[in-house]
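Following are the structures in question.
You will see chain A twice below: alongside chain B first, and alongside chain C after that.
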Partner chain A sequence: MNARWVGQDVPRVDGLEKVTGAARYTADVKLPRMLHAKVVRSPHPHARVRAVDLGKAARAPGVRAVASGQDFPFHVGIYLKDQTVFATDRVRFVGDAVAAVAAETPEAAEEAAALVEVEYEPLPALLDVRQGILPGAVLVHPQLGSYQKVPWITPEAGTNICNHLKVRKGDYEAALRGAAHVSENTFVVPQVQHVPMEVHVSAARVDLAGKLEVLTSAQSPFTVRHLLCACFNLSHGDVRVSVPQVGGGFGGKAGINLEPIATALALKIPGRWVRLLIDRAEEFYAAVVRQGLVATLVTGVDRQGKVVAQKMHYLWDCGAYGGYGVNVVRAAGYTCGGAYEFPNVCGDSIGVYTNRPVGSAYRGFGMQEIHWALEQQMDMVAHELGQDPVEFRLRNCLGPGKRTVTGQVLDEHAGRVDKCIHKVAEAFRRPLEEKPGLLRGRGLACAVKAPAMPNDAASSVLLKFCEDGVLEVLVSGIDYGQGLRTVAAQFAAEALGLPLHQIRVRNLPDTDLSPYDWQTVASRQTWATGNAVLKAAEKCKAQFFEMASQVLHAPVERLALEGGQVVDRGGQGSVPLTRMVMGYQFPDGHTIGGPVAAAAHHVPEGLLFLDPDTSQSAKPVAKWTFGAQGLEISVDPGTGQIQVDRVVACYDVGKVVNPGLIRGQTFGGVVQGLGTGLMEELKVDALTGRVRNASLVDYKIPTSEDLPGELEAHFVETPQADGPLGARGIGEHTMIPTPAALANALFDACGVRILDMPLTAEKVLRALQAKRAKE
Partner chain B sequence: MTIAIQVTVNGQLEALEVEPHESLLGMLRERLDLTGAKEGCNEGECGACVVLLDGRAVNSCLVLAVEANGRAVTTIEGLGHAGALHPLQQAFLEHSAVQCGFCSPGMIMTALGLLNENPTPSEADIRQALSGNLCRCTGYRQIIDAVQAAAAALGAAGQAGRRP
Partner chain C sequence: MLRRFEYTQARSVEEALALWQGSPDSRYLAGGTDLIPRARATGRAPARLVDVKAVPELDQVRALPDGGLSIGAAASVARVATAPEVRQRFPVLATCCQALGSYPLRQRATVAGNICNASPCADTAAALLDLDAVVVASGPRGVRRVSIHELFVGPGQTSLERGELVTAIELPAASAGARGQLGRLTRRQGVDIATVAVLVTVLPAGSLRHRVALLSVSPTPMRVAEAENLLDQKGPDGAAEAAAIARAACRPIDDVRGSASYRRDMVGVLLERAVHALAAERGGRGA
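Right after this comes the complex of A and B.
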């Protein structure tokens, strides 16, 4: 296909509504006679719930509904149903929902929530993941063995381990014994928060006929519906979930979040809308967070600088519930070696419950965390061997013909990390300018990620023409800014040869009306929905050709689509599409065909489960996206402050579908990566289990002042065999290598290594002082 | 107890009865259904709620509705619309400066406040002016480019400093 629209810098199709303020997010939607909800949350990290008395709250002025675990002891969770709508017998983190109230005003709800009386019996709390796997550790989920789960996760009853993936390839022990050099290091990543600008909000109403409607800021309306039905034992036909504009998700709005609590309250007061809008503080401690990680790596290298043995022990702090996080643990397992070919591997990815905030999906899905370890380790080993870190990476990286940790052999369509490394290294050739009083350095890190999703994760679309020839494209992925609507329009325009203004993407998904889509996660939408759009467009084309063949008396094989017409390449005739969009009428009045429309879906092909003991699988995931980033920094030796001067990012995306959008994904990811690398950390008090920095004052994210001086985005285009026009996912990958590249640049600048994220000025200064003291 | 106030909002004089503790943000969103300004934190830390008060950018979550009495408020809804976009809105579109869009109204209004005071800002001026407006999606690069482009466009059109 000679691309006319795909690859072009077309403006965002939903930009106009966003720059005019017309775009409506969940909290902007006026719901008639809406009630306001407030959740009663546990002040204890771990306690038995002796009694919950809702009496006073229920009688407070303006209160219309109250609910607790007594009414709704139902389990919920996407992969492991380890959570209930409200805590029943025990609370497991500071912020665990115990009850909720719905009242006429937010103030009345707030006051009534304070009147709910909960009798707690505090229990010893588990606040350090490393303690969680020791014998005799406090058990966060004594009932673990009884929870429902998907077959491909392996919780260990009687322990705090909610999932454990083992990767065994080759003979690690023997290879390690034969290694010329061995290096072992432990790296730490704290829990961090997504900090979407729009906090979580969900509204629900049960009408008098029993139909539940949910309006929610979510990444996955269909999965929300499915899980609500399972939780409350409802029929899918009786539940309607719709998602207005979403103000950022980054994984935090994947799966199911506030919807069950809003639903529980709505069930208590049929006919009334109940809206649960949490505040920014709750967003920090009660909404989901990114899991913490303690990673221990052992690398054995031969004399030529080839890694011969690699051990990876990933200990994940899943927090109080692992419903979603168990799959992060799994993804980190089958990707445990990152962008490298390790012939002999011993990998363990272990998810552990603690009494800390709930871990879940976060842009990168575990990959930034493991790359923090892997990419520093590669640098450290290279330096120990006196080798150039770039050469060392090139010698060991994955590529066509190489075998991943699960034994998958990559083919020529898999993407090329070596090309990305070269691109960054090339950009680094420019000499690093001296800056008076500052220490300059540069560092590089690679990245890889596959979509982590069930093997049958589907996206479907519906294409239908309007009377005036405009094509409506219904897609059900969430476009929270990554640009799904725009790329869906580009693919449709491309496939049908229509101008872009004749495409309207309809995308505020509503489970009653929209085609099915599993979830908007895993950087899968451009790829999955893009494929589905192309397939549906082919079906529309076939309908046009069938009509045109009769009109032009020409066989279908002779027809072509050109400039809004079906043309007979063997004869003279042509028919404009506009004459056929509602069916074609002959001069005598008889009509053939009908409104042109088609549905199509995309499901990944040929995915195979992992071997339960070794995780070997010839095709565990749909695709890999590789990349590399290089950072140039200046360190102030007096303060420890790191200034990022330049970032060079390069990814093999298969095909750049929209240059403006992909630059946006790259810049946004890099800056979010700098946030976790330099400043972000959820500070959980070691005694009380409370989050000490639950506000934007105390938890800083990057501002316009933190933006690097120079940002460059480069792309390699090795076409993905099953990608739409060769494209593969990129949304998450852009933040994966950034912190590790930063740490490597720090070492280059001043010879200090910091193994625990983030690289705050305070830590850098301390490391510099320690180094000076030694010298 | 409510208080009667008169505020000019996007050029229209509005007579309203507001609560003493009610924020300007709440008044705009709940009473006037002007939902362009967003609530991101309610404590002056995110800039999602920025509107112009007598031409100056303010966090409307920190301003009491009664403080707007007798003054002029401009929200994103008062700036431009399809077919007649303000150069800032146009530039945000052209530079892919919008992703989820939640921060965009506040960003645009803050940028307008800046251009009202300084029609030819440097990149450093823009970074500083926008530093109270958080954006989790874009990484700010394209937003800064858009503000620069809009400043140039307004300068060329000789309408820099236009005070709505």
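Right after this comes the complex of A and C.
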């Protein structure tokens, strides 16, 4: 197809709405007679709940409903149902929900919440993931063996391990014995927060006929409905979940979050809307966070500089609940080797409960964390061998014909990390200018990620024409800035030859009205929804052709769609689409066809489960997106501060659907990556389990003033066989390699290695001082 | 959560004082950028807020007959940072104002609020300490003039008496023309409280007297007289020695922004750099 719309730098279709403030977010929606909810949260990291007395709170002024674990001892969780709506027998982190109240005003709710009396019996807390796997460790979930789960995760009853994925390929032990050089290092990544502009907010109402309606800031309306039904034992027919505009999610609004608490309160007071809007502090300690990681890598290389043996031991700090996090653990397992071909592999990805904030999905789904380890390790080994890190990577990287850690042989459609490395290395040929008083350096890191989703994760769409020929495209993925609405419009315009202004993407998904979509996660929307739009467009086209064939007395094979008309390529005739969108009426009045509309879906094809003992699988995931980033930095040897001067990013995206949007994704990802690389860390007090920096004063993320001096985005286009016009996912990948590239640049600049993220000025300075002391 | 409070607005200093007296738990409100977030975070609000922004005389930045400058308590940080009198004659204060918070924040925040809040990291305090400012306060017992050096008592604590309203901050004529260098270390480039800040100021040509102020390394913003004396004697050659003195004089703590030992080290590094930058600047101007 000679693309006219796909590949063009068209502006966002929802840009005007967002910049004018017309866009409505959940908290903007004025709900009639709405009550305000407040959650009572545990002050203890680990305690038995002896008693919860709601009496005083229930009698407080303005209070309309109270609820606790006694009323709703129901389990919830997307992959592992290890959490209850409210704590029942014990609390597992500072912030665990114990009870909630709904009142006429936020103030009344807060005052009443303070009147809830909870009797705790504090228990020893597990706050360090490394201790969680030791014999005799405090058990966070003694009932682990009894929880419901999906078949493809493997919790170990009687331990803190909520999932363990083993990857065994070749003969690691033998290969290691034969290695010419062996290197072992341990890397640490702290828990971090998503920090979306819009905090979590959910509202619920049970109407007097018994129907539950939920309005929520979420990435997955259908999954929220599904999990709510499972939790409260409701029929999907009686639950409606809708999502207004979402002000950022980054994984933190995937799965299910505040919805069960809002629903529990709503069930207590039928007819009233109950809205739970948490505050920024709660967002930091009570909403989900990214999991922490302790990664130990062992690399054995031969004399030529080829890795022959690779061991990867990933210990994930899942926090108090692993409902979603267990799948991060799994994804990190089957991707444990990153962008490289390792012939002999021993990989273990282990999820461990602790009494810390709850881990969950976060842009990259474990990949930035493991790349922090993998990409530094590759650099370290290259330097130990006296080899150029770029050459060393090229010698060992994946590519067509190479085997991943799970034994999948990549084909020619898989994307080319080698080309991305070359592109970055080329940009690096420019000499690094000296800057007085600063140490300059550059570093590179690669990235890979596959979508982590169930094998049947679906996206569906509905296309329907209006009377005037405007095409409505209903999609149920969430567009929180990545540009789904715009690319959906581009694909529809492309397939039907319509101008973009004649297309409206209807995208405030409502499970009562919108087509099914599993979740907006895993960098899957452009790919999955894009495919579904193309398929539905073909079906619309077929309906037009069927009518036109009768109107023009021409066989369907002779028809073509051109400039808003169906044209008979063999004869003279043509019919405008506008004459057919509601069916075609002949001059004598008889009518054929009808309103043109079509539904279609996309489901990944041919995915196969992993072998339970070795994780080998010929096709464990739908696609891989590879890339590389190079960073040039300046280090201040007096303060340890790092200034990022230049970032060069290159990804093999199959097809650039929209150059402006993909640049935006790349720059945004890089800056988010710099945030985690340079400054972000949830500081959890080692004694009390409290988050010490639960505010935007104390937890910093980058602002526009932290943008690198130069940012370049390059793209390779090796078409994805099952991608819409060859496109594959990119949303998460842009932040995966950034911290590792930063650490490698730091080493290049001043010869120090820091293995625990983030690279704060203080750590850099101390490392420099330690190095000077040794010299 | 922000608790309910009574909001009142004064039109004159007298009215402000009277409104304050009218409730047992009153607070003056300027930009509110410290007061309101704190009330929200702690869940405790004063019973009554007395807004002083509408008092006309508090809004002025004006030259004093003796060559000094008076900054009204309701003048915003942005206004002070850009006022020609400040930029030309007291550029050190403009520099510190410019370092505070973000563009929108500076439109609301006031210099008076910054020092009355008495945080160890109050940016404008560094300039006011170096320039020997005087705080003018009106209270139930009349008007008082308090040296900035006597204002700060501890974190969040000043020597102002109950009910005293700061009406103006005065910069003495003797400080006019002073030049300074601010070294300010933050975790990110913009909108961050200083992990450490060091302001080194040289009083106008002729005297070449030094001033050294430190932020975020002791319970209050502080000056280091001993380091100043040394710089007065040795000039830039004394930078390293002055740095050592300042490192010893400060009393930093560990917190989420940085450790005490890192802060102490940075006091030295920033001080030396500021001294050399000042010398280079003077050299460049041929003074």
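Note that the second predicted complex is superposed on the first by the 775 of 775 C-alpha atoms of A that agree within 3 Å, B and C clash if a C-alpha of one lies under 4 Å from a C-alpha of the other, contacts with A are read in each partner's own complex, and residues count from 1 in each chain.
Quick note on the criterion: a residue touches a chain if its C-beta (ideal position, glycine included) is under 8 Å from a C-beta of that chain, and two chains touch if they have at least 3 such contacts.
Predicted model only: the values in this text are computed from it and were never measured.
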| request: State whether A:Glu762 touches chain B only (first), chain C only (second), both chains, or neither. | output: second
| request: Check whether A:Gly664 is in contact with chain B, with chain C, with both or with neither, and answer first, second, both or neither. | output: first
| Looking at chain A, does chain C or chain B touch more of its residues? | B
| query | So, does A:Gly638 touch the first partner chain B, the second partner chain C, both, or neither? | reply | second
| After superposition on the shared chain, which partner residues are touched by A:Val470: those of chain B (first), chain C (second), both, or neither? | neither
| said: Let me test your reading of the model: by the given contact rule, A:Gly21 touches which partner, first (chain B), second (chain C), both or neither? | reply: first
| task | Could you tell me if A:Met197 is touching chain B, chain C, both of them or neither one (first, second, both, neither)? | result | first
| request: Give one of first, second, both or neither to describe whether A:Met679 is in contact with chain B, with chain C, with both, or with none. | output: second
| query | Given the touch rule stated above, what does A:Tyr480 touch, chain B (first), chain C (second), both, or neither? | reply | first
| said: One more residue to check, A:Leu385. First (chain B), second (chain C), both or neither? | reply: neither
| remark: Check: chain A residues flagged as touching chain B and also chain C 279, 695, 697, 701-705
| request: Please give the residue numbers of chain A that touch chain C in the complex, ascending. | output: 106-107, 110, 279, 281, 638-639, 641, 678-679, 683, 692-693, 695, 697-698, 700-706, 760-762, 765-766
| task | Would you mind writing out the residues of chain B in touch with chain A in their complex? | result | 29, 33-43, 45-46, 48, 75-77, 79-82, 85, 89, 92-96, 98-105, 108, 126-128, 130-144
| query | Tell me, which parts of chain A touch chain B in their complex? | reply | 11-12, 14-25, 27-28, 30, 194-199, 245-248, 250, 279-280, 480-483, 660-661, 663-664, 666-672, 695-697, 701-705, 707, 711
| said: Taking the touch rule as given, give the residues of chain C at its contact with chain A in the complex, in rising order. | reply: 1, 3-4, 41, 43, 185, 187-193, 256-259, 262, 265-266, 269-270, 273
